[in-house]
Amino acid sequence: MFVLVNLKAYPCDPVEVAEAAHEVAEESGVRVAVAPQAADLRAVAETGVETWAQHVDPLAHGSHTGSTLAERVADAGADGTLLNHSERRLKLAEIDGSLSAAERVGLDTVVCANNPEQVAAAAALGPDAVAVEPPELIGTGTPVSKADPDVVTDAVEAAAAVDDSVDVYCGAGISTGDDVESAAELGATGVLLASGVAKADDPKAALEDLVEPL
Amino acid sequence: MFVLVNLKAYPCDPVEVAEAAHEVAEESGVRVAVAPQAADLRAVAETGVETWAQHVDPLAHGSHTGSTLAERVADAGADGTLLNHSERRLKLAEIDGSLSAAERVGLDTVVCANNPEQVAAAAALGPDAVAVEPPELIGTGTPVSKADPDVVTDAVEAAAAVDDSVDVYCGAGISTGDDVESAAELGATGVLLASGVAKADDPKAALEDLVEPL
Amino acid sequence: MFVLVNLKAYPCDPVEVAEAAHEVAEESGVRVAVAPQAADLRAVAETGVETWAQHVDPLAHGSHTGSTLAERVADAGADGTLLNHSERRLKLAEIDGSLSAAERVGLDTVVCANNPEQVAAAAALGPDAVAVEPPELIGTGTPVSKADPDVVTDAVEAAAAVDDSVDVYCGAGISTGDDVESAAELGATGVLLASGVAKADDPKAALEDLVEPL
Amino acid sequence: MFVLVNLKAYPCDPVEVAEAAHEVAEESGVRVAVAPQAADLRAVAETGVETWAQHVDPLAHGSHTGSTLAERVADAGADGTLLNHSERRLKLAEIDGSLSAAERVGLDTVVCANNPEQVAAAAALGPDAVAVEPPELIGTGTPVSKADPDVVTDAVEAAAAVDDSVDVYCGAGISTGDDVESAAELGATGVLLASGVAKADDPKAALEDLVEPL
């Protein structure tokens, strides 16, 4: 099970969460990564935690101002990147281009999607993983794995029908170890979460609870 | 074979092209449609030709200014809609939403894509057809069916692997009956074209040449 | 006073509202215009009412699929166009380009903006008018001219400081003749409204009430 | 005179350019800043050079994935930010929002624009400076201050008419000390440049040439 903590633009200290995540990963043996803002990638990577970008642009070196270039993200220490998060939707051709950019520099990739049809579409583009996150559950604290288990099993099936080497993660509303466990039972091999850790008073305790059943 | 003529924002008379297309369709028995600007849908539909929108938004009735609502497009007489043309790229979730909007009002749909991977992704969303149009060939007069035949056969295979009820059309550089014939031989069941007809001195003659081998 | 009725993507009959607006304009002598979806421009213009587009793109004739070209909007009978509505925000350079496109074909222009600073910015681009519409009041039924009169007088001052030939209209929450009157007292020379007429059971009665104090 | 070096997504070593810029600033007394990708802000700031972001989003803390938050950019050491560069155009309301975000954390701001009208519009939003960069000259090596001197003097006048506390910089094609000098003579108080330094074999020598006449 892979636990990916998206720090979004939350007012947390990214290094503090990264250190907590690193310790929990070391202590539990569970793979845990942290995805900060681009400006914090270097500081987060220096903690030793697995580090993800929240986005990279479908671009190569060149005249592109205000972009997020895969090469610089990788140089700052990132190991992977989210793409097409519901808060950063991309055009179909851009997802394809960003996947190429990520692959060029060896970043792992997770493409987010709303529903099983979009999961299948995303899987057809060849990412390492897709994540199903029904938008109506994001930020609710109601885990998709409980509120709508069919959407997870349908996503697992839809991705496998297109390309069975693509992992399926599950996001939206995940905040406890129990949620992670039910996601695993439905066939997800990872979870995306955000506020449950990034806004916790004690991020380390929140992460320990999350990985406890694993 | 389906021949879809995209008028883009060309300085042609949309009604004149529509009348020519209608006559050629009647005389040849080939299915020919014309896709004008939204403001011209009603006038084009009144010629009796099969009429397509160039785009509809992923929206339902509501507070949306400056949008193209599927309901109004259908009311104006449209039979179908292009989506995700390389000159009007959509986010993955928007393609999904626009397909739902089109289906709600009974519009046929063609989702455009750059390459076989994107064709597979588009097919996973359940349109009536996908169209493969390598961007580097659009507007060149060099037909994809000759310049890069593999991209057409790969697109046909990629779509069939995901959903074999989805037709595959072929765009970019198509302008003669010969181009249409080679597209059909590669497995395409339709062609998208634009300047070859819309900018022709004699659109009817251009269309007659196109459908001649069919 | 200019009364501009934006039909957005509401489920009204655009021709019915257009006919009502035309009659009220004839009977009252007040300038009243209707802004339907692009696909309905021709049918609305045929009623004889002053007809506005909800948007035109910053483009000239050419290879632009799914766009709204000023030339086709004007050909369909439009007299003017809204630009940068809060539901169709444009880039600064696009507003500039859409104003050029509108001017090229003789369309009147109103550029919408959130606040007096943006009103001044819009006025600097040389439209016929700007409209101040605080986003938090759009669709509320609480008229900006009453809820926040300072925003209207500040917008009038801000526009005049940049270019005193630019009219200032007032939108957001306008639905009664009383609202229109207070807008006029604050220096606005026009009002934008939408649901108050488009969603009324009797659009003609709603319009008669609106123009009654004028 | 302020010299702002935009590293865009060029394949340079941002720290090497930053160190060169810092030395030239120290040696010449000229204000020189470097604008790297967000992921490189921290490393660039650590060289001691004045550091600028290439963009910040019109957002506050919250659920925003893949964004560039002013707070994190400032925390990484940025002193200012470009906005609305021709390679990263923003909506009018977004420029307003990004200026608020930058002001909230004390970042200096330069809003880019194509022509004197857009310069006036940008000045109305209250940035520290505007930059006029005719898109047709960007990356050409033909300096706007020589190819089209009127556009610079018109921009200076247009900004002053709206708000005379807003500085006017000049970009597009600037690469030599001579270009900088002619920009200053036309009333610009700063220059934006990119490839002339970022792609130079010897960035320090390129910068020394640039500041030589100052």
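Quick notes
Letters A, B, C and D mark the chains as written, and numbering starts fresh at 1 in each.
The criterion applied here is as follows: contacts are C-beta pairs under 8 Å (C-beta built on N, C-alpha and C of every residue); 3 or more make two chains touch, one makes a residue touch a chain.
Which protein is which chain? UniProt says A, B, C, D = Triosephosphate isomerase.
Since the structure is predicted, the reported quantities are computational estimates derived from the model, not experimental observations.
In terms of the stated touch criterion, chain A and chain B have no partners in common. Separating the CA-averaged centres of chain C and chain D is a span of 36 Å. Chain B and chain D have Cα centroids lying 43 Å from one another. Centre-to-centre, using mean CA coordinates, chain B is 33 Å away from chain C. Listed for chain A are residues 86, each touching two or more other chains.
Chain contacts in this assembly form a single closed ring in which each chain touches exactly two others.
In the complex of the two chains, the chain A residues touching chain B come out as 84, 86, 89-96, 113-115, 117-118, 120-126, 158, 161-162. Contact residues of chain A toward chain D in the complex are 6, 8-11, 14, 36-43, 53-55, 59-69, 71-73, 75-76, 78, 82, 85-88, 138-139, 194-195.
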